[in-house]
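You will see two complexes here that share chain A, one where it goes with chain B and one where it goes with chain C.
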Partner chain A sequence: MADFDLVLVLPATALAAFALLTLLFAPLFRGQGRALGGVGLLGIAVSAAATARLWPAAGAGARIATAGGMVRVDAFGLFFTLVLLAIGALTVVASFRFLEREQADHGEFYALVLLALAGMVVMVQTTHLLMVLVGLEVFSLALYVLTGLTRGRARSVESALKYFLLGAFSSGFFVYGLALLYGAAGSLDLVRIGAAAASDPSPMLWIGAGLVLVGLAFKIGVVPFHHWIPDVYQGAPTNVAAFMATATKTAAFAVLLRFLVGAFGPSHEAWAPLVTWLSILTMTVANLVALAQTNVKRLLAYSSVGHAGYLMIALVCRPEDGVRAILFYLVSYAFMTLGAFLCAAAVGRGDARSEPGYDLGSWAGLGWRRKGLGVAMSLFLFSLAGIPPTAGFLGKYVIFQSAMRSHEYLLAVVGVLNAVVAAGYYLRVVVAIWMREPETEEEPYPVPVSLAAVLVAAAAGVLVLGLVPGPLLDLLGRLAAGLV
Partner chain B sequence: MEPRLVLAVSAVLFTLGVLGVLLRRGAITILMSVELMLNAANLAFIAFSRQAGTAEGQIYVFFVMTLAAAEAAVGLAIVIALFRLKGTTDVDEVSLLKW
Partner chain C sequence: MEAIAFYVLAVLAVASAIVVIVHRNPVMSALALAVNLVTIAGFYLVLRAQFVALLQVIVYAGAILVLIVFVIMLLNLREELKARSPGTFQKWLGPILALVFAVVLGRAMLAHAAPSFPAPVPGFGTAAALGIDLFSRFYYPFEVVSLLLVVAMVGAVLLAKRRL
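Moving on to the complex of A and B:
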C-alpha cells in the first residue's frame, strides 16, 4: 500500500504489540504481576516516544493523513495521545501493589490496560468515524473485562455485566447512527459529513448524528445516560475505576469535540440548545445526588458525572475560547480524579462480600494516622471543588470565563451554583478525614511506595497547573485551531 | 430490490432489537437483541452502499461483524463468570447493585 506509513500509526500499534507481548509472558510470570507491569510500562514509553517524534511535524498545524485517510496525525490528536498515555502510566504504576492486595495480581491486567489505551489512541487520531467505532469498541471491550477483574467478587462481576450490556446497547445506537450518516453524506469521514451538514442537511443526517451522540453521551456519562456510572465505578476494582473515569472521558471528549465543534460547527444553532440543557441537567442531577452519597467511590462517580456537565458548558461556547477551556479542564480533571480514586484505593479495605473501607465512616480521623494520604486526598478534593490555588479552580475559571465571553450567562450561573453545591460534599470528606474521631481501632493499610509515588505525581500536577497554568494554556490555544 | 424497502426492514429490525433490550430480562436474550441492532445497521450499510454504487458500505459491514463477534465473546465470558457466582443470568436477580 502506497500511502501506509508505519511511523504515523506507531503510537497505537506499539501499545497493541506490547499488550500482546504482555499476554504472551503472562503464563510465565504467574504471581509476579509487577514484572509484566514493567513490560506494559515499557510499551507506554515506546508509544510516548513515537508520539513525541511525530510532534515537530504535526505541531506546526500540519495534518498528515495515512492509510487512505483513516488515520490522521495532527497536534490535537497527539496532545490527547500524550494525556492518555500519562493516565495509563500512572494507573499501571499505582496498580503494582494494589492488585496484590486485592488478590487479583493477574498479568493480563496490564495487557488489557494497554489494549484499552491503544483503542483510545486510535479514536483520538482519526477523523473517520469507522476508526472511531473500532477504537471505541477496543477500549470498551478491554474495560468490560477489567471491571470484572476481581472475578471472585459478585459486586465486580455484576458491574461488569451491567457495564457490558448497557455499553453494547449504546454501541448499537452508535453503529446505526453511522449507517444513517453514511447514507446521508456518502462517507464516514467527518470532513465530508460536515460538508453535507452545511450544504444539504437531510432529516436522516440529523437522526444519524443524534444516534452517534447518544453513543458518545453514554461513554461520557451525560444525564440521562449516566445510570451505569455509579454502579460500575463502585463495583470495579478501584484502580480500574480511576482509569475509566479519566481516560474514557478524555478520549470520548476528543471525539465529541471533533464531531460537534469540528464537523457540525457551522450548524451550531441546531445543537447548542440541546447541549445547553443536557449540560444543566447533568451538572444539577449529579451534584444533588452526590450530596446524599456515603460511599466514597460512588461519591467520586457522581462527581465525575458532574464534571462532564461543566465540560459541556464549554462545548456550547465560541470555539476559540471553549475548546481551549475543555482541553485544560480535561488535563486538570485527569490529575485530580485519578488522584482521588487512587487515594480511595489506598484506604479501601474490603473482601469478597463487602467493602466497608469505602464508606465515609472509615475515613474518619484518617488524616492523623496517615498524614501524607490525608493531605493528598484533601488536595484532590479541594481541586475537585474548585478551590484555589489548584488546577480544578483554574479549570472552572477558564470554563466560566469562556461562557461569559460567549454570552452564555445561564450556563455560567448554573455552573457556579453547582460548584457551590459540589463543594458541600467534597468538603464533607475533608471534614471526616481531619475533624472526626476514628470509628475503628483497625490500623489503616500502609501506603505502598509505588502508589505513593503516583499520588505525589498527581498532586504535583494539580499544584503546578494551578500555580503556573500559562504555558499549557498558550499551547492549548494553538491546538484548538486544528479540529477537523 | 428497492433500497427504500431494505431500509424499512432495517429500521424494523433495529426497533425490535431496542425493544428486546428494554423488555427482556435474560442477559443472553439482551445480548441477542443487541446483535439484532448491529445487524440492522449492517443491512442499512449495504442498502446505502448499493444506492450510492460504491463498495465502501459493504466493507464497513465486515468491521461491524468483527466487532459483534468480539463483543459476543467478551459478553458470554462475563455471563459465565456471573452464572458461576450467582447461578442465574436474569438481570433482575442481579441486585447487589441497583439496576
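Moving on to the complex of A and C:
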C-alpha cells in the first residue's frame, strides 16, 4: 500500500463515509428526512472541497495514479466529479419536500444517493476497467432501489423490477467484454488496451470492445438499447428520474470518452461508422416517438434519449473539437434536464394506481396559476429545444460546429433536422402551459422553497451558460488532452 | 487432457444453461442451475484456480442454490406452472440471433491465432496467492465492492420491510 494517498481518493471516500453516517443517524431522525438530507449535503460539500483541493495540480496537466493504478486523478475526472456532485446536491435539496409529499420520506434515500454518487465518482476517476465495473455496479444497484422507493405505487415497483432485470443483463454484456479484453490485451487498464489496439488488434479485442460498448450504450440509453428508459423514468419517483437522467448519462459518457476517444482513438475509422449510425438512429427514433407522447415524464425520457444521440455526433468528430463539445453539452444538458424533471415533480399529482398529474392535460393553463413554475419550465423546454439565449442552444451550436469542422456533414444535417422535430414536442408543452384553459378546478400544489431554490439555480445555470459560455469553453478545451 | 475436460464441461455448461431458461418447472431450472454452477467450478479447475473453484461450489452451488430452492418452495408454484409465455416471434428470433452471434464469434476467434498467455507462476490459484493479490494489487476495488454490499443490504430492507 505504499502508493496509497487518502487525499487523492477523498472525493469518493468522503461520499461513502457520509452515506454511512446518514445511515447511522437514520434511526434518530425518523420522520425528519430533511435532517438526514442535511448530512448528505454536508458529505457532498466535503467531497467537493476535496476535489477542489486536487484541482490546482491536476489543472496544470498532472495525471496522478494511486491505489495500485486503480485510481487516476486528472483534470478530466475531477471536472466530471464536480458536475456529478452539483447534480447530486441539487437532487438532494429538491427531494426534501418532494419525498414528504410522496410519503416516502426515508433517510435511506439520501444515503443511497450519496452511495450512487460515490460509485459514479469511482467510475470517472479511473482508467482501469475493473474500477469502472465496480463503480457502475454500485451506482446501478443504488438506482434500482431508488426507482422502487415509492413502494405504494404499482408503476414504481414495476419499473424497478424492469430496470433491475435489464440492467443486470447489460452488466453481463459489460463483464463478458471485459473478459475478452483482458484475454486480448493482458490488462484491463485502458492505457494497455489502447496499446494493444494500436499494435496487435485481434478479433477478440474488437468483440470485447463491442460488448463493453453495448454495456455503456445501455446505461446511456442509445437506440436500440433504450427500451427501458421511458418505462423506468416514468415509473421512478420524479426526483430520482431527474437524478438518473442526468448523473448516469454524465458518468457513462465520461467512461465512453476515455474508452472510445482515449484508448481506441487511433483506430477511429474502425468504430466511427458504427457510432455515426447509432447516433442517427438514436436521434431520429427518439424524437419521432417523443412527438406522440402525452405524459410529460415519458416525453422527457424520450428527449433524454434524443440528447444522447446529439452527444454521439461529437464522439465521431476530431477530439480537439468533439471532446469540448461533449463536455459543454453534458453540463448544459444536466441543468436543463434536471430543471425540467423537477418542474414535473412540482406539478405531478398521483396516487397508487395512476399519476394524472403528469399528463399534458393537467399542465393546461398552469403558467397563469403558478407563474414562476411556468416561466422556469418554459425556460428549460426552450433550452432543451435549443432556442437562444439558453445553454441548450449553445450546446447544440458547439456540437454542430465540431461536426462541420470534422466534415461530418451527414451527421450535422440529420442533427439539425432532428432539432427542428424536437422543437415541436417541447413547444407543445409550452403551449399547454400558457395558451390553454385549465382542465381541472384542482389548485396546483404550492412550490416548496427548497424546490424553488433548486429551480432558480438550474435556471441560472441555463442562462449563464447560454449568455457567457466563454470561460467554461476555454477550460474544457484544455481537458481534451488527457483522456487516458 | 485439459482440452477434453474443457469440451466436456463446455457442452454440459451450455446444455444446463439452456435447461435453466426453457424448463417450465422452476425446481428443474434450479437443479439445472446447480449443474451449471458446478461445471463453471470445473472451468476454474482447468484454469488451475483451485481456490476459486472451491468457493464457487461452496458459495454458489451450495449456499445460494439452497436459498433459491427455499424461495421456490415458499412461493406458490401452481400458478407459475400454468403460466404459458405467449408464442411471440421473439421466442424464435432470440435463439436464431444467439446462434448467429455464436457462429460469428467462433469464426472470428478461430481465424486468428490465439494470443499467448503467460504461464502461471508457482503457487497460482492457492488461497495464499489469491489473498495476497486481493490485498496488495486489488485492495481498492475490493474496498469499493464493500459499498456494493452496503447498497444491497440497505436496498433490501428499504424495498422489502413491511413498516419502515
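To be clear about the criterion, the second predicted complex is superposed on the first by the 484 of 484 C-alpha atoms of A that agree within 3 Å, B and C clash if a C-alpha of one lies under 4 Å from a C-alpha of the other, contacts with A are read in each partner's own complex, and residues count from 1 in each chain.
Just so we're on the same page, a contact is a pair of C-beta atoms (placed from the backbone, for glycine too) under 8 Å apart; a residue touches a chain by one contact, two chains touch by 3 or more.
Worth saying up front: this structure is predicted, and the values here are computed from it rather than measured.
Using the contact criterion defined above for the overlaid structures, shared-chain residue A:158 touches chain B, although it does not reach chain C. Once the two complexes are laid over each other on the shared chain, residue contacts for A:355 go to neither chain B nor chain C.
After overlaying the two complexes on the shared chain, residue contacts for A:102 are found with neither chain B nor chain C. In the superposed model, A:408 lies in contact with neither chain B nor chain C.
In the superposition on chain A, contact is made by A:71 with chain C only, not with chain B. Legend: residue contacts after superposition of the two complexes on their common chain; A:20 is shown touching chain C, with no touch to chain B.
In the overlay built on the shared chain, the residue A:187 is in contact with chain B alone; chain C does not reach it. After overlaying the two complexes on the shared chain, residue contacts for A:169 are found with chain B alone; chain C is out of touch. Looking at the shared chain after the overlay, A:149 reaches chain C, while chain B stays out of its contact range. On chain A, the surface touched by chain B in one complex and the surface touched by chain C in the other have residues 130, 134, 137, 141, 144-145, 148, 151, 160, 183, 186 in common.
Contact residues of chain C toward chain A in the complex are 105, 108-109, 111-112, 115, 117-118, 136-141, 144-145, 147-148, 150-152, 154-155, 157-159, 164. Across the complex, chain A meets chain C through its residues 1, 4, 9, 12, 16, 19-20, 23, 67-68, 70-71, 106, 108, 111-112, 115, 118-119, 122, 130-131, 134-135, 137-138, 141-142, 144-145, 148-149, 151, 160, 183-184, 186, 200, 202-204, 206-207. Put simply, chain A touches chain B in their complex at residues 130, 133-134, 137, 141, 144-145, 148, 151-152, 154-155, 157-162, 164-165, 168-169, 171-173, 175-176, 178-180, 182-183, 186-188, 231, 234-235. By the touch criterion given at the top, residues 7, 10, 14, 17-18, 21, 27, 30-31, 34, 37-38, 40-42, 44-45, 47-48, 51-52, 54, 56-57, 60, 63-64, 67, 70-71, 74-75, 77-79, 81-82, 85-86, 91, 94, 96-99 of chain B touch chain A in their complex.
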